[in-house]
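Heads up, the next two complexes both have subunit A, just with different partners, subunit B and then subunit C.
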Partner chain A sequence: MSLETLGFLARWAHLALAVAVVGACAVLLVGGRSDRPTARAWEDHVLRWLRRLVLLALASGALLLAYQAAYLSGRAAAAFEGRTLALVLFETQAGHVWLVRHGVLLLLFALVSLRADVDRPLDWVAGRGQALVLGAGALGLVAAGGHAAAVKPDPWPAVTIDAVHLLATGIWVGGLLPLALLLRAASREEGADARPYAVLAARRFSRLALAAVVALVVSGTGNVVTQIGSVAALVGTPYGRLLLAKLGLLLPILALAAVNRRRLVPALSGEAATVGRPAMRRLARFVTAEAMLALLVVAIGAALGMTPPARHQQPDWPFAFRLSLGALQSAPELRLRALIGSQVAVVGMAAALAALVIRSRRGPWLASAAVLAGLGLGLGLPPLAIDAYPTTYVRPRVPYQAASIAQGARLYREHCAACHGRSGAGDGDRAATLPRRPPDLRSPHTAQHTAGDLFWWITGGIPRAAMPAFGDRLGAEARWDLVNFVRALGADTAARTLGPGVEPGRPWLVAPDFTFAVGPTPARALKDYRGRRIVLLVLYTLPDSRPRLAQLAANYNVLALLGVEVVAVPGDAAPDAIRRLGADPLILFPIVTEGAREIAAAYGLFARAPHAEFLIDRQGYVRARWAPETAPVRELNLLLADIQELNQEKAATPAADEHVH
Partner chain B sequence: MRLWKVVLLVNLALALGIGGGYLWWGRRTERLERELAQARAAPAVGQREWRVRGVVRAILPDINLMVLSHEEIPGYMAPMTMGFRAASPKIYDGLQVGDAVRFTVRGTPPDVLVTAVDRIP
Partner chain C sequence: MTKRMIAAASLALPVLLSGVLGAAAHAVLDRADPRVGSTVSTAPSEVKLWFTENLEPAFSTIRVVDADGRQVDRADGRVDADNPALLRITLSLLPAGTYRVLWRVVSVDTHVTEGEFTFTIAS
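On to the complex of A and B.
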């Protein structure tokens, strides 16, 4: 058996035992104290089991710790080395959580082993209540050592939500078996004395379980948002698929629970011989079946704890299509169909909701609502479908940076320009020989495809359009460089819609990140200015740019006061750019001597002019662009007004993403 | 003793232990952080000397000032463009704007002088 399997089994056992401990404590407390002999016998029985469960939980916890040591050190032998175990226990957060949890479990064991006198109600409540609190602590703290604790920057909301999820599981799932024991004991001929007690306990537990299920759904949704985050991650990663399996398994359990709650629990108080006792026997069987199925759900939960969360995995899209509103832009004739379909579906869903609220004739209502919703979806969704590929939702491995775009531009000229044309217009020399004219890469249509789509085509080619595959000729990074370059081409077209001044509150054009250095000083990145300064990026060419640089230099103190850093990039990337500018005028803002070539290549795509200026806001978006071909260089007083506009803006937009989409 | 009293006492002891531990641990972290901040802010005793790299951005002989874009001056100044007084005008003799240099800063911050400059070829 592999180490991984052992680790999984230990985790499953530990989780299931901790869940059972909480459930047993909860059921004892919910049932309340009873003087009936059968009920007392049942309570003793559950307490005996509770002691064993706590001991087993401690043992499986020790196994889990050994597995953790072996896993972290990469050697199976480390599971038995004192030094590695101590390292895991005292130097990792999971180790600290382990120590606290097992301390709590030891306390719980001491409490349940204590044969204390609980004849008086106050003592009984104190003892059982304390057991539940300790058990809940041991189970809920599992969240503080799992995936939720690794959420950045603030893990506490995620840990709280996960702890609620665990506790709700403990109360509902863990309580099923002890309840089944009670029902079975009370349904026997000689257990008649405890029958009222069992009926009361079943009713109370049924209410509690319903609340727990609601808490499970709410906290589970929260977990999905923090650990998965997107549909692609749900269907395209092992973590997401495990979760789908868990949800699939949950359906029959919920169906069983619904039958128990609506049919069997109300029947318990019926006439004993014909209705009450048979219902109680059947309820005991159903509840046991529910618990067994739930044990499998806990197994998937344990497996989820050992699987990297979907958010951090590259999704592998399993379908050949995806749904996108962008599909309607290229096919306007389908818009009406999509609109009608969506409205019919909305009416169907509203009818379904209404059917759930109104009690009479629920069946026919629900059925017709479902038909209506299905019809609407069938009508409205197909027009939204567009082709998709396994890499469609993959995150680019290379960030959107000037260096990557410059490298992509080089590769493009070498491998792509012959067909796609130097500018990306699809007018290369060999374009005419192709079965289909290459598309204009600069058009908005290109932007509707995901970066993963572009990566797929570059990697595998498009046979029907005679586009060759580059997967075996270019490395993955080079292919992502090409994707970044194509994105920058599209951004160029989009950038033409930027007005001459800053449009308030509308950042959308992501500024490619870049790194630069001034002489021998350490390299800086555009990203370093995020949230701190506005950057005026100046691509210049001597001698024509000298008057403008002199003007900016003379007003550098005012610009600095308004929170602006001026970064000047020589278009010819001369390493002695500072010397060439000379001592007059006195220029003190950074003149880029390293990294200029990449910046000029990338930002040159947005403005093919000897002198161009870009105003980049604190979130990393280009907010204005001035190049003589589109808009004359901004007069200083207007530039200062633009900067004031940015300074007055509230940072509502999230910072620009480092990767293209 | 009655069970409820035992439970109460155990919980009280736990709360005291956790609270006390947190206070002790929190205080210790606080104290360490304070000491660290003090150590960082402490003015260097007496004269210090650094040798760092930079690039000449301007020379203003009228006020005996050289403006340098320089790397970090450890324990004193982050990388930035900054004016430095020269120990003597001879130090910037022959230097040109744009020269990459290695220079020596000496003094008791903020009272420092550039005492030597060598061009990096």
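On to the complex of A and C.
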């Protein structure tokens, strides 16, 4: 058995035991104190089990710690090395959480082992309540050592949501088996004395379980949003697929729970011999089955904890199509069909909701609502479908950076321009010999495809259009460089519509990130200014740009005061750029000496002029562009007004590189 | 579902699940300085790796080796005190050539990621 399987089994056992501990404490408290002999016997039985469960939880926790030491250090032998165990316990966050949780479990063990005098009702409630609080602490804190704890920048909301999820599981799932024990005992001939107690406990537990299920759904949705975040990640990653399996397993459990709640629990108080006791026996069986299925759900939960969260994984899209509203832009004749279909589907869903509210004739209502919704979706969705590939939702492995775009431009000239044309217009020398003309890479149509789509085509080619595959000729990084270049080409056309003034609240053109250095100083990235400063990027050519540089230098203190950094890039990427500028004017803002060639190549796509300026906001979007060929260089007063505009803007848009398609 | 079926399913589950547990990558490399696969003209004095998640310093390691596999870093790899998602190591003065950066990190949710990349110092 592999180390991972062992780790998984330990994790599953530990989680299930912690869940069972909370459930046992909760059910005891829900049932309340009773003088009936059968109920007292059941309580003792549950308490005996509780002690064993806590001991087993401690033991499986120790196993989990040993696994952790072996896994983190990468050596199986480290599982039993004191030094590594100490490192895990005292030097990692998960280790601290482990220490606290197992301390709490030890306290709980001491508490349930004490034969304390709890005959007074208040003492009884206090004793059981303390046990529940300790058990809940040990279970809820699991969240502080899991995926939720790694959420950036602030993990605590995610940890809280996850803790609620764990506790709701504990109360519902963990309570099932002790409840089944009580029902079985009370359904026997000799257990008749505890029957009213069992009926009351089952009813109370049923209400509590319903509340727990609602909490599970809400917190589970929260977990999905933080750890998965997209449909592609849900269907295209191991984590997402595990979650789907978990949800699939939940359906029969919820169906059982619904039958229990609506049919069996109300029947418990019926006439004992014919209705009440049979219902109680059946409820005991159903509740046991529910608990067994739930144990499998907990197993998937344990596996999810060991699987990389979908958000950080590259999704492998399993379908040959995806749905996009963009499909309607290229096929206007389908718009009516999509519109009618969507309206029919909305009517169908409204009818389904109405059927749930109106109680009479629910069956026919629901059936016709389902038919309507199905019909509407069948009519409305197909026009939205466009081709998709396994890599469609893959995030670029090489970030959208100036250096990558410049490298992509070189590769494009070498491998692509012959057919696609130097400018991407599809007018290369060999275009005429192809079965069909290459598309205009600068058109908005290109921007509708994801970076992953482009990567798929470059890698595998498009046989029907005679586009060759580059997967075996160019490395993955080179192909991503090409993708970045093609995206910059698409942005190039869009950039031409960018006005000289800042349009308030409308960031859309992502500024390619770049790294630069000034002389021997450490390299800086555009990204480093994110959230801090506005960047005025100046591509200049001497001697024509000298007056403008002098003007900016003279007003640099004002600009800096307004939160602006000026970054000047020599268009010719001369390594001695600073010396060439001379002593006058005195320039205090960075003149890029390293990285200039790449910046000029990438931003040159957005403005082909000897002198160009770009105003980049704090979220990393280009908000204004000036090049003398389109608009004269921004007069300083207007520039200051633009900057004021950006300063007053609230940062509602997500940071640029998260925004890429 | 009979109890036997449930028992069979619960035995099969670990086997089914163990297949997905081998997947790598929790704290994913976000960017590096020098850039992944880049060619730089001046020898860097330090290698910096930014990850997508905060790291556990006790179990996060980094090494830099030359083309012959000889270690060229100063063995002072550490997680930055101010930015727990930044792993850095200083280098001795390097001649032109191609260098490999090998890293193995543990994110705060206790998952191990390994990886490597090269950068080249142009002559």
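The rule we apply is simple: the second predicted complex is superposed on the first by the 656 of 661 C-alpha atoms of A that agree within 3 Å, B and C clash if a C-alpha of one lies under 4 Å from a C-alpha of the other, contacts with A are read in each partner's own complex, and residues count from 1 in each chain.
Following the convention adopted for this analysis, a contact is a pair of C-beta atoms (placed from the backbone, for glycine too) under 8 Å apart; a residue touches a chain by one contact, two chains touch by 3 or more.
Owing to the predicted nature of the structure, the values given are computational and were not obtained by experimental measurement.
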{"item": "Which superposed partner A:R580 touches (first subunit B, second subunit C, both, neither)", "value": "first"}
{"item": "Contacts of A:G519 with subunit B and subunit C, given as first, second, both or neither", "value": "first"}
{"item": "First, second, both or neither for A:W508, with subunit B first and subunit C second", "value": "neither"}
{"item": "Which superposed partner A:E477 touches (first subunit B, second subunit C, both, neither)", "value": "second"}
{"item": "Partner chain in contact with A:W365 - subunit B first, subunit C second, else both or neither", "value": "neither"}
{"item": "Touching partner for A:P590 - first (subunit B), second (subunit C), both, neither", "value": "first"}
{"item": "Subunit B versus subunit C as contact partner of A:W49, first or second or both or neither", "value": "neither"}
{"item": "Greater subunit A contact set [subunit C / subunit B]", "value": "C"}
{"item": "Residues of subunit A at both interfaces, subunit B in one complex, subunit C in the other", "value": "520"}
{"item": "Parts of subunit C lying in touch with subunit A, wherever the complex brings them together", "value": "1, 3, 6, 9-10, 13-15, 17-18, 20-28, 31, 33, 35-38, 41-42, 52-54, 56-59, 85, 104, 106-112"}
{"item": "Complex interface listing, subunit B residues touching subunit A", "value": "2-4, 6-8, 10-11, 53-59, 67, 69-72, 79, 81, 96-100, 120"}
{"item": "Sites on subunit A touched by subunit B in the complex", "value": "107, 114, 116-118, 120, 122-123, 125-127, 129-130, 518-522, 524, 576-583, 586-590, 593"}
{"item": "Interface residues, subunit A side, partner subunit C - complex", "value": "2, 4-5, 7-9, 12, 68, 71-74, 87-88, 91-94, 145-150, 152, 238, 241-242, 252, 289, 292-293, 295-296, 299-300, 303, 306-309, 312-313, 398-399, 401, 403, 477, 515, 520, 523, 525, 527, 594"}
